[in-house]
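Everything on this sheet refers to the single structure shown next.
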Amino acid sequence: MVNNLAMPKSWNADTKPHKFCPGCGHGITLKILGEIIDELEIQDRLVFGVDIGCSLLAWDFFNVDTVQTHHGRTNPVMVGIKRANPELLCIAYMGDGGGYAIGSQHLVNSAFRNEKIMAIVINNCNYGMTGGQMAPTTLPGQKTETSPYGRDPETMGSPTLGPEMVAAIAPAGAYVARASIANIRQLKRFLKKAVENQIAGNGFSFVEVLSSCPTNWRTNAKQTWDYVEKEMSKYFKTGEFRTPDEKKEA
Amino acid sequence: MTDKPIQGEKRVFMTGNEALAWAALAAKADIMYGYPITPQNEVMHYWTRLAPKYGRKFLQTEDELSAGFTTIGGILAGRKAFSATAGPGTTLFQEPISMAEMMRIPLVMAIMQRGGPSTATVIYSQQEVNMVTYGGNGEGWRVVYSTATHQELYDYLIKSFNTAWTYRFPTFVLADGYQAKMREPLVMYDPEERGMKMVEATPFVGLPGMPGKDRPAAHLRNTFSVEEELYEAIIPIHQEYEAMIDHVVEWEEEDVDDAEVIILSHGVVSRAAKAAKNRLREKGYKVGYFRPITLRPFPEKQLQRVAAKCNNFLLAESALGQLARLVKEALFNVPVNKLETIYKPGVGFTAEELIEKIEGTR
Amino acid sequence: MARLVKIAIAGEGGQGVQAIGDVLAEAGNAAGKEALYIPNFGVEQRGGVSIAFVQISEEQIGSPKFASGDIVIALSERAVARTKQYVTKDTLFVYDSSLITADTSNGDGKASGVELPREAKQIIAIPATEVAKQELIPRVFNMIVLGATIRAAGIIDMQTIRGALEHKLGKKFVENPKLRELNYQALDRGVELVEKALQEGR
Amino acid sequence: MSKNFRNLCFEGPKGYFNISPDLCKSCGLCKEKCPTDVLDWSEELGVYGSPMIEPVRMEQCTACGICQMVCPDAAILIEKKKKAPKTA
Amino acid sequence: MVNNLAMPKSWNADTKPHKFCPGCGHGITLKILGEIIDELEIQDRLVFGVDIGCSLLAWDFFNVDTVQTHHGRTNPVMVGIKRANPELLCIAYMGDGGGYAIGSQHLVNSAFRNEKIMAIVINNCNYGMTGGQMAPTTLPGQKTETSPYGRDPETMGSPTLGPEMVAAIAPAGAYVARASIANIRQLKRFLKKAVENQIAGNGFSFVEVLSSCPTNWRTNAKQTWDYVEKEMSKYFKTGEFRTPDEKKEA
Amino acid sequence: MTDKPIQGEKRVFMTGNEALAWAALAAKADIMYGYPITPQNEVMHYWTRLAPKYGRKFLQTEDELSAGFTTIGGILAGRKAFSATAGPGTTLFQEPISMAEMMRIPLVMAIMQRGGPSTATVIYSQQEVNMVTYGGNGEGWRVVYSTATHQELYDYLIKSFNTAWTYRFPTFVLADGYQAKMREPLVMYDPEERGMKMVEATPFVGLPGMPGKDRPAAHLRNTFSVEEELYEAIIPIHQEYEAMIDHVVEWEEEDVDDAEVIILSHGVVSRAAKAAKNRLREKGYKVGYFRPITLRPFPEKQLQRVAAKCNNFLLAESALGQLARLVKEALFNVPVNKLETIYKPGVGFTAEELIEKIEGTR
Amino acid sequence: MARLVKIAIAGEGGQGVQAIGDVLAEAGNAAGKEALYIPNFGVEQRGGVSIAFVQISEEQIGSPKFASGDIVIALSERAVARTKQYVTKDTLFVYDSSLITADTSNGDGKASGVELPREAKQIIAIPATEVAKQELIPRVFNMIVLGATIRAAGIIDMQTIRGALEHKLGKKFVENPKLRELNYQALDRGVELVEKALQEGR
Amino acid sequence: MSKNFRNLCFEGPKGYFNISPDLCKSCGLCKEKCPTDVLDWSEELGVYGSPMIEPVRMEQCTACGICQMVCPDAAILIEKKKKAPKTA
């Protein structure tokens, strides 16, 4: 008997089970994204860009043209493609390290330039792929491999608020939101609106997703959900920060 | 709009940067991505003025990392995209270039060297040879044309697009601030009017059809999980690079057959070298001239053949031995009587000083 | 002409030094010779002495910059100092005597002005600024210098220079035909000034 | 989609619970989210060799689909039974 | 007779006249900064960092320990110094290109980390040193060497709003303001408060200065003042965006 | 707090990354600045755990550019600052390194190579040799120690601080992912207990006194306006580099005197090479062993001396000729009978395959 | 012992493969030998087969990874496939027969389980999981494997291994002395299982 | 400060206007900003060889100091005359 009906059509079944860890929020997000690709029927004009970080594990995830780039450079690669061929839809998919640390100049400047691409940042409060170091998004007090005694905001900084930053600087036409794997319907709504914003050509589309990293958090399923739902959402508010028509949903 | 930018042959008198912008137009480049840096700025200045007239595009990025990766993006989309930079910009460009090497992306760039290391000076040097030939965490899978005249800037930038799109290795025109900023004459032409076929750009992504159904999806990557997987991936690249060498290697030699000493140089210095050779010949000195045009791949066999005839060399470069390293490698295990060197990092050469040097030692 | 003539023209930012170099080289090119022009180039946008290096030759020109000039022209006191390095015993050194007070102290220690490069083959003083102000208009000053340079170099005929000028300033000339006249006069005055100086020098 | 995955199907009053041992990585996210506590660890091993998930109290399953929604590996498929038409 | 009484004591008279063009706003800002250094008596514990861009021309401007760094890297060099020796006061002085383009990741992350340094960005609407290319701050419609037909926000992006961005993301203790050479008393007040904020060790201090570049603008004195006072201030609002005590001055 | 981290000699069994963290402590490093990258991550993991116990500091930066420039800042402030990176991180680090070269900043770094080019793999390679020895827009004014064992990781990281602060050139411990991740024994010690004097760090900025009055202000720059000014600035640096060479160059040679073939290798590969040599000697083959420890400056004279005794070589490296380029340059104009090479980019060597190779050809 | 013993232990993420390698090497080191341990290392945090490479020797060890193992241990079916490359005719191949169904079809095409590396010098099946579950507790499974490995390699005496265990798990043992007992028993059972298999094999 | 700069001093009713030809770069910023239109180009050349600034209508100078404040080159120094003490 066969069971892959739960898989979005745009998934590349040949590479499943995928390479993400058990319980990883990347998997959830990419399932939702797959559904959106199917629903909007954009599989044949989409270019999916993945960063270095666990997002790279999605280099053959979809039956969608996919480019795996350098750490932090997925944004400019997608910008380059979009500029050269505006017919294509471009999604830059990356981690919080790639988006907010090493690639932050690209994020900020893509926003100021209102690049007609979409960027997704997976916020898992750490550097997943390299084994759990502090990320720009690591919560105050959170222990990671490079903040073994807990992140002290005084010396190590405060968590990056990506959507807040992008919303503060992007010109009209931009779409900016934060969603969470803890609210999948909202997650899907926001991601879909972002893709549609690109299709409409309004401006830069940006969604941060609160995600899980049970491997580096060393959490079981219950703790994982608790962390996303309680700890993370205390600091990171979900909702829409900018919409092209400026009617926002909290 | 979109008439041919150049019709007929046209003798012009312009700066090297301007010549490069025209060459890119003539080579049917679609889009330039770049970040300002002296001495290549005017490539961008001319391109931004000319491009819209011929339906071409431009994007000024936030830095050279972005310039490199957006250029790669443009190429992936199937456009002839290019960039230009210099000095510390070239240093930053090593990151995207390394990705282009691994993923066989036909990146084309003009590199107008300036003094080094670090920010140094904004005008002239030959100190980016190490970096442009073998920079990054790799094996130097690049083609590097070192040009001496404005005519060559024009010719080789056009040729670079063909080399890059034929062999799919990043390809560079390596020049310098003097060539960028000076004015001298050259003849501009449309390459196809001269019967030169311009290789078509083809997209890496966004081909027609439903991926996974009508065609396989493009799954492009530069990362591998284990050592053996990487080994399997890069050995063929290396082999294809090696197989390309004989087809792209270029050099110039004059009066080597009876020479008692051969002047070795590249780029703009070879102008002084050639002038010195000519004048010394007039005076009766048996002087020869050898100049690698491709610094990578290096005309190794060609230099060895020359060394078999005459193995006294005077090597002149505006760097502290960067050409010399390439020469020594090429001449490995070839007996050389003398390899004298004049290193003037960041500073130019005149024919006079080379003449003096050779007259002085004879 | 010699098969290669090397010219350096130096002055302050606003003096139009690069325009002189540019037209000179353009004319050389138009005359079917090999011509090469390069400005000096430092890190500042303004401030330093501006130098134009021009070479005109019968054959391909080697290095864009040179160690010694055949003709070196200085248009400010700072320019005299800055161009000294290009002057040898074979150099014709020209300076604007209305802007530069030459040291007449004969090296007795009490320099009253700028020390000129005595080692030059010949030193020619032309009062270009003065002539421009009094006879023409101040801003054609650099055309006087251009005229002087052509005469000193003896490489390009006046016709070609006029052609090059037409090429550069054609539009402005059409708008204001008087300007063409003034420019041509300035060129001629430059030639005359050098001729006079050369005769006196003999 | 060329690759096939084994499927185990469990029937409940409201629908069918399908799960593939070739996809389940035993993360437990579904188990935690099931509002009616249907799920628990199985004897059967999942793809990483650890116990996969199983609907041990299928009778409580409302076929709400939450488990399917949260599964990062698309290992679960919920098929709702069609309601008997009222007029029947 | 001698006249250098108008020079702040901390200026290095040996290198005057300085290397900036006639009418350059860098000169005005550095005069004010010099006065502040004198007034606060910090000449002997200040490290002044200059970027590539015209700011580099100040590498020997003050009799203050000065480090000229790479384009965009003045922020991290100053952060490195401050972290290693918190006794020192560090000012990172840069152009809008260095601050908002190539160095924007450093600016954003210094802000999130609330680095106890001060950063000054000279906004002159262009890349001055390289001869007048478009900068992140170039105004809509403004002609530059790389926007020869005028900056089109649709394709070339909208001007970067630096203080707005930094204010949106910096933690408590930060000082963020925009001043202008057109209002020198305010400029001095803001710069001084920023220096004092560093002395107090409250957090990141950031001041953007609306400045002039007559050379690349090709403006005479009147046009220069007009551009700063009318064109620039239309787009860039001066005032305090963040203060440690949150009482702001417009 | 701040007892000596290591007292007495201590045999330990740990990963190379852990050994590096301890070595930095033992060398009195004050502060580490860094950005995570495999396979060097655990240097940071251990350092962040240990540092606070001994009053040392750490800053995780936003990228490698920042890591490099903050490290430079720390050094300017007069602290022994260091960093560690790998692969594409090393590529980005070329920018700050080039500034350190120009400004003579004693930057110390551990580079744990991974596969290349581009992101490639996360574990092992010798493909960063080109870049670490001669990267950036300059002349390779660097000291590069290529280590083979955990003991050497420890020894040479300590030594690097002394080399850097004595000669003021950026100094590197070049190792790789195998060394980073594997566990093996080594002996840790406090260098001063062994009578090794640790060079004091001195500040470049913030010295006591009023600048311009009590002392000149530090006016540090890396940019010059005209070509000649740059030339004057860098020639002395080059001369000081050259003058340093004999003092820092290091190599290892065994059984070369009567050798019929010498195995050339560096880093971790030299373990296989040495083992192969030993076993072949036992079998009666006259095999020698030569290994450069400093890849830059390269033990040129030393290798030439060896080549005078035996000029048959087998060169093995986990790259496509990066060591070979250094060797060919060093052996320029030295007659060589045979230089056989085995290139295995990104993949390790075993003694067995070297033995097989040599037995096969004899 | 041979002067160099090369051991590869492979299994799924959660099986404690790296802990076995680590203790083994630690014990080798404690016994005054040269020991080297390296995990395989890919880009994913989890998912692939985990392999521990251990070498113990009388002299300095060359390369950290090797082409052929003296002892290769596979603890899952995927691990059998993944470790095949390390098995030669000199290799002792050990597998957990409670987890791995060996192909008993003798190559007749109808493979019913995993194909074992026939070229091995000897293949030893031990029901480690089964024994752990039934006789001890499941999680000391890897200590049975460690015991088996020691016996198969014959390089380290039990005393040293216990010392190394004490070093790694000392704290836990103090908290729960029963654990020490269980671990020691597991080690011994591992030794026995191999001995038995070897005897049967003869 | 070891370097000296020449100074030209102009007296007005309210104060002294000092300017150094060694510092003035002829940018004109001061001239534009003078509220009482005191300043204009001089015959004297500034440091870049172009006409420097001069207080041609010194009688109108209020010694407000704005010109000094805006000068990027610290070329101007305004010295206010002390007001005669009222009691005098």
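The letters A, B, C, D, E, F, G and H name the chains in turn, as written, and every chain counts its residues from 1.
Heads up, the rule we're going with is that contacts are C-beta pairs under 8 Å (C-beta built on N, C-alpha and C of every residue); 3 or more make two chains touch, one makes a residue touch a chain.
A quick note: this is a predicted structure, and the numbers were derived from the prediction, not measured.
Considering every other chain in turn, the ones in contact with both subunit E and subunit F prove to be A, B, C. Traced through touching neighbours, the fewest hops from subunit B to subunit G number 1.
We define each chain's centre as the mean of its Cα atoms; on that basis subunit A and subunit C are separated by 63 Å.
Between the Cα centres of subunit D and subunit E there is a gap of 60 Å.
Centres computed as Cα averages put subunit B at a distance of 38 Å from subunit E. Counting partner chains per residue, subunit G shows two or more touched chains at residues 42-44, 46-47.
Contact of a single residue of subunit H with at least two other chains is seen at positions 48. Along subunit A, residues 20-22, 52, 56, 70, 101-102, 104-105, 108-109, 129, 131, 136, 156 each make contact with two or more other chains.
Chains touching one another form the pairs A-B, A-D, A-E, A-F, A-G, B-C, B-E, B-F, B-G, C-E, C-F, C-H, D-G, E-F, E-H, F-G. The touching residues of subunit C, when paired with subunit E in their complex, are 43-47. Every residue of subunit F that touches subunit C in the complex is listed here, in rising order: 223-226.
Here subunit E touches subunit B in the complex through residues 52, 56, 70-72, 97, 101-102, 104, 127, 129-131, 133-134, 136, 145-149, 156, going by the rule given at the top. Chain contact summary for the complex, subunit F toward subunit A: residues 35-38, 41, 44-45, 48-49, 52, 58, 60, 62-64, 88, 118-119. Subunit D meets subunit A in the complex at residues 1-7, 9, 18-20, 22-23, 25-29, 31-33, 47-48, 68-77.
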